[in-house]
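Consider the two complexes below, in which chain A is the common component and chain B and chain C are the respective partners.
Up next is the complex of A and B:
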C-alpha cells in the first residue's frame, strides 16, 4: 500500500510539474490510474472482497478517460499545430 | 459534432446526478462524477475553435486529476477500515483528500484558478452550463462531507472564496472573466450556506442559477464579450441591456432584488449559529465585488452612447419585449419574498 501511495504521489507531482508536452500529462494521469488499480489489487489481498469488481469499473472508466484525453490531444494538435503546453494561454 | 448525439450526453449528465444522489458507496459517487465530466467534454468543444479546445483541455486535466485524487482518498479511507493499525498513522486523511478533490472540482478558493481560464475560453452557453449544472454533483458530495471539523475548513475556504471573487474581478474588463469571478464569490456564499444547513445551501444554489441564467443568455444574445461592447448595448437592444444590468445588480445582492434574499438568508443563519467571523468576511467580500457589478450595470443601464436614436426601436413591438420585461419583474420579486419570510419568522 505504501508503494502504491508513493507511485500515486509521484504521478501527481509529475502531472503538476510537467511543462513540455500534453502527452506526458496524459501519461501521468494514466500512471495515477494504474497506481489506483494496484491499490485495489492489494486491497483484495487484505480482505476487501468486492475490490476486484471495483477494479474492473476503474479500468473501464480510466480507459474512457484516456481515450477522451487522446481525442483532445488530436483536437489541440489540429488547432494549435503542436501539443506543446507552451502554446497554451496560461495566464 | 453531430447534433443528434447530444441528447445522449445530456442523458449521461442527468444520470450522473441521479447516480450520485442514490449511491451509498464512494465508488459510485466517483463513477457519477466521472460520468458527468466525460459527458460534458464533447459539449465544451462543440465549435472546435482553438480557444474552446484549449479551455476543454484545461477542464479535462483538472477534472481527471481531481477524480483520481477522489479515488485515492476513498481507497485510503477504506484501507484504514481493513488494515489494522493503519488508522493511527493516517487518521481521517482519506476524508480530507476527498474534500480537497471536490473543492478542486468545484473551483473553490485554493484551487480556483482554472475556472477563470476555462470560462474565458468558452462560449456563453457552455460556460453557463459549466457554472450552474456542473456544480450540482460536486455540491451533492460536499453536503454529505460536512461534519464539524470539515465545516470549519469549508467556512474558511468559503469566506476566502467570496473575498477573492471580489478582489480578482476588480481590474477585469472581460465579461466572461467577470462572470467567472462572480461565480467564485457566489460559490463561497453557497458553501458557507451548506455548512450551516443543507436546505439553505440548495436554496442559495437555486437562486444563483435562476439569477445567472438570464444574464448569460442575454449576454449571449447581445454577443458582448468586453465591457466596452456592453456600453453600446443600451442603444442596440435596450431590453436585453436592462435585463443584464438588473441581473448584475441582483447578483450583487442589492436589496430590492432577488439576490439579496439569498445573501440575507445565509447571513441570518450564520449569525443564528454564532459564526460572526464568517459572516463578516462574507459581507466584506460582497462589498468588494459590488464595485465591478455596479460598473457593469452602470454601463448597461445608464450610459446611452453618443449617437441619437433615429430608427423606431424593434423591441417596442412583439412578444419578446414583454417576455423580457417579465424577467425584470421576476428579479424584483425578491422584495416580496424577504417581506413574507421575515413576517413568517416572527
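Up next is the complex of A and C:
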C-alpha cells in the first residue's frame, strides 16, 4: 500500500513536471488511476473486511475520464495544430 | 595750540574730500598740494611746541550700550610725519600721472581714485580707534583693487586685482580677530586703552602679525605684490611702494610696545621679516620686467622694516617707511618714463643704453638706486644702516642676521643689474623709439623726489631727536658690515654682468627657482587647489556619488530586483504547462502538510 502511494506520487510528479507533450499528462493521469486502483485492491489483503466494490467504480470512472481526456486532446490538437505544451498560451 | 593743529589737519582732510567731487584733475592736484602744505605747517608747529602726541576725539557717532563709537583722530609724531611724506609723494605722483595717463579718456576718474585712496590711507594712520583703522584698511584695499584693474579689459589685470583682494582678505581676518578680542576683553577699541595693557593674549598679537603679513606682503601672503604691477605706474608708485603696503608695518609699529611683551611673537615677527627680505631679494635678481624688479625690491625693504620692529627698534622702521617712500616712488616713476618712451615695453632685455637717450631719468634712477642701497648720507643710509646695526647688536638669531646681510648685498646686486641692463651696456631696444623726456610733468616730480631722496634723511634726523637711544659703541666690523656687504654685492654684480652679458646676451631661463618666485604662486594657485579639487570631485563625485552610492542604492537594488523578478516571471507566463505544474506541486505540498498535521 505504501508502494502504491509512492507510485502515485511519482505519477503526480510526472504529470506536473512534464515538458513537451500533452499526451504524457494523460498517460501520467492514467498511471495515477492505476496506482489508486491497485492500492485499493491491496488494502483488502491487510486483513480488514473491506468491500472491493469501490475499486470497480474507480476503474469505470477512470476509463470515462481517459476517454474524455483523449477527446480533449483531439480538440486541442485540432485548434492548436499539435499537442506540444509550449504552444498552449492563454493570451 | 594743540586744538589749532588738530583743526588744521582736519580742515585739510575735509578740503581734500570736497575737492574729490570736482571734475577737474588739476583741482584735485591743487587740493592735495595745499593739504600737504597745511600738514607740514602742522608738523612744524608740533616741533616747536615740543609735544609728543595729541588726541582729538571728535564726534560720538553711535551709542552701543556702555560703549560708543567715535570718530577720533590721533596725531602723534608717527601720524604727522607720515602725513607730510604721504602728501608730498602723492602730489608728485599726481603730477606724474598727468604725464603718464595723458592719453587716457578717464584720467579724471583716475585722479579721483588716487585722491580717495589717499583719504583712506590718512584715515588709517590717524586712527585712534581700531574701528576707524579698519575703515581705512578696507578703504585702501578696495581702492587698490579698483586701481590695479584700471585697464579692466586685460584679464591679467583682473586676476591680479582679485589676487590682491584675496590675500588682503586673509590678512583682514587678523584685524577682525584683533577687534573682537579687544572688544570682548577690554570693551574698548582705542589705542590709549590698548597701550595700557600689561598682558596681551597671543590671539591678539597673532592677529596683528597676520594683518601685517597680508597687507605688507610678507612671506606667506606675498604673491599679490608682484602681480599688482599690472596696474598703471602711478598706482604702483603710490600704493605698492610708498603708502598702502606700509600700512601693515604701520600697524606693527603702533603695536610694537605690546609685541615686545611677548617674546615668541617678537621672534616670529623678526624671522618673518628676515625671510621675506631674503626671499624677495633672491627673486628680484632673476626678474626681467623692470617694474617687477622694483616690486620685489619693495617687498625686500618691507621685510627689513618688519625685521626692525621685531628687533625692538620701531622708530627706525618708521623712519625707513618715510625714506623709502621717496626713493621708491622715484624709482617707479623712472620706470614709467622708460616704459612710455619705449611704447610700453617693460622688459629690460629689450632696453639698454638709455644713459644718452634719457639722461635725467637715468640720473634719477641711479640716485634712487644709490639711496636704496644705503649709500652714505643719502636718504636710505639714515634708516637702513641703523636698522642693520640694531639687528647686529640684538640678541636675536644670528642665522637671521646673516640672512639680512645677504639680502642687503643682493639689494646692491639687483639694483646694479637693473641699472646695467636698462641704462648701461649696449642698446637692445628697437630703433626709432619716441624716447622723449621733455615733459614738465615727468621731470618736475622726478626732480622733487630726487631732492627728497638726498636731503630727507639729513632733514629728518636733524629735526627729530630719536625717541630711543642709538647704539653708539660697536666694533668696526659690525658698524661697517652693511656698507661692506653692499660694496661686495655691487662689485660681484658688476663682474658677473660684464662676464655674462658681454655682447648684450640675455639669460632666457625662466623656469628657475628665482624666476618663478620660489614656485610659491604655482603651488598655491594651481597645485594645491587642483589637489583639493581632485579630492573633492575625483573622490566624492566620481567614486562616491557616481560609483558606490549609485551602486548600493538605486542601481544595485534594481539589479537585485531584476534577478528576483526574472525568477518570478517564469511562473507568470501564460503557458498552460506552468499552470499545471504549479497546481500539482501545490496539491502535493498541501497533501503532505495535511498528512503530517
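Here is the rule we go by: the second predicted complex is superposed on the first by the 84 of 91 C-alpha atoms of A that agree within 3 Å, B and C clash if a C-alpha of one lies under 4 Å from a C-alpha of the other, contacts with A are read in each partner's own complex, and residues count from 1 in each chain.
As a convention for this text, contacts are C-beta pairs under 8 Å (C-beta built on N, C-alpha and C of every residue); 3 or more make two chains touch, one makes a residue touch a chain.
All values derive from a computational prediction rather than experimental measurement.
Engineer: Report the partner of chain A that touches more of its residues: chain B or chain C.
Structural biologist: Answer, by number of touched residues of chain A: B.
Engineer: Does chain B (first) or chain C (second) touch A:86, or do both, or does neither?
Structural biologist: Once the two structures are laid over each other on A, A:86 reaches chain C alone.
Engineer: For A:39, select first, second, both or neither according to whether it touches chain B, chain C, the two together, or no partner.
Structural biologist: Only chain B is touched by A:39; chain C is not.
Engineer: For A:54, using the defined touch cut-off, is the partner it touches chain B, chain C, both, or neither? Pick first, second, both or neither.
Structural biologist: A:54: touches chain B, not chain C.
Engineer: Determine, under the contact definition given at the top, whether A:17 touches first (chain B), second (chain C), both, or neither.
Structural biologist: Touch status of A:17: second partner only.
Engineer: Output check: A:68 vs chain B and chain C. Expected answer is one of first, second, both, neither. What do you get?
Structural biologist: After superposing on A, A:68 lies in contact with chain B but is clear of chain C.
Engineer: Considering each complex separately, which residues of chain A are in contact with chain B in the first and with chain C in the second?
Structural biologist: Comparing the two interfaces on chain A, one with chain B and one with chain C, the shared residues are 12, 15, 25, 88-91.
Engineer: Note which residues of chain C are touching chain A in the complex, please.
Structural biologist: Residues 574-577, 580-585, 587-588.
Engineer: Applying the document's contact rule, which stretches of chain A touch chain B when the two form their complex?
Structural biologist: 1, 5, 8, 12, 15, 22, 25, 29, 32-33, 35-36, 39-40, 43, 46-48, 54, 57-58, 61, 64-65, 68-69, 72, 75-76, 79-80, 88-91
Engineer: Any idea which chain A residues touch chain C in the complex?
Structural biologist: So the residues of chain A in touch with chain C come to 9, 12-13, 15-19, 25, 85-86, 88-91.
Engineer: Chain A touches which residues of chain B in the complex?
Structural biologist: 27, 31, 34, 38, 41, 45, 48-51, 53-54, 56-58, 60-61, 64-65, 67-69, 71-72, 75-76, 78-79, 82-83, 86, 117, 121
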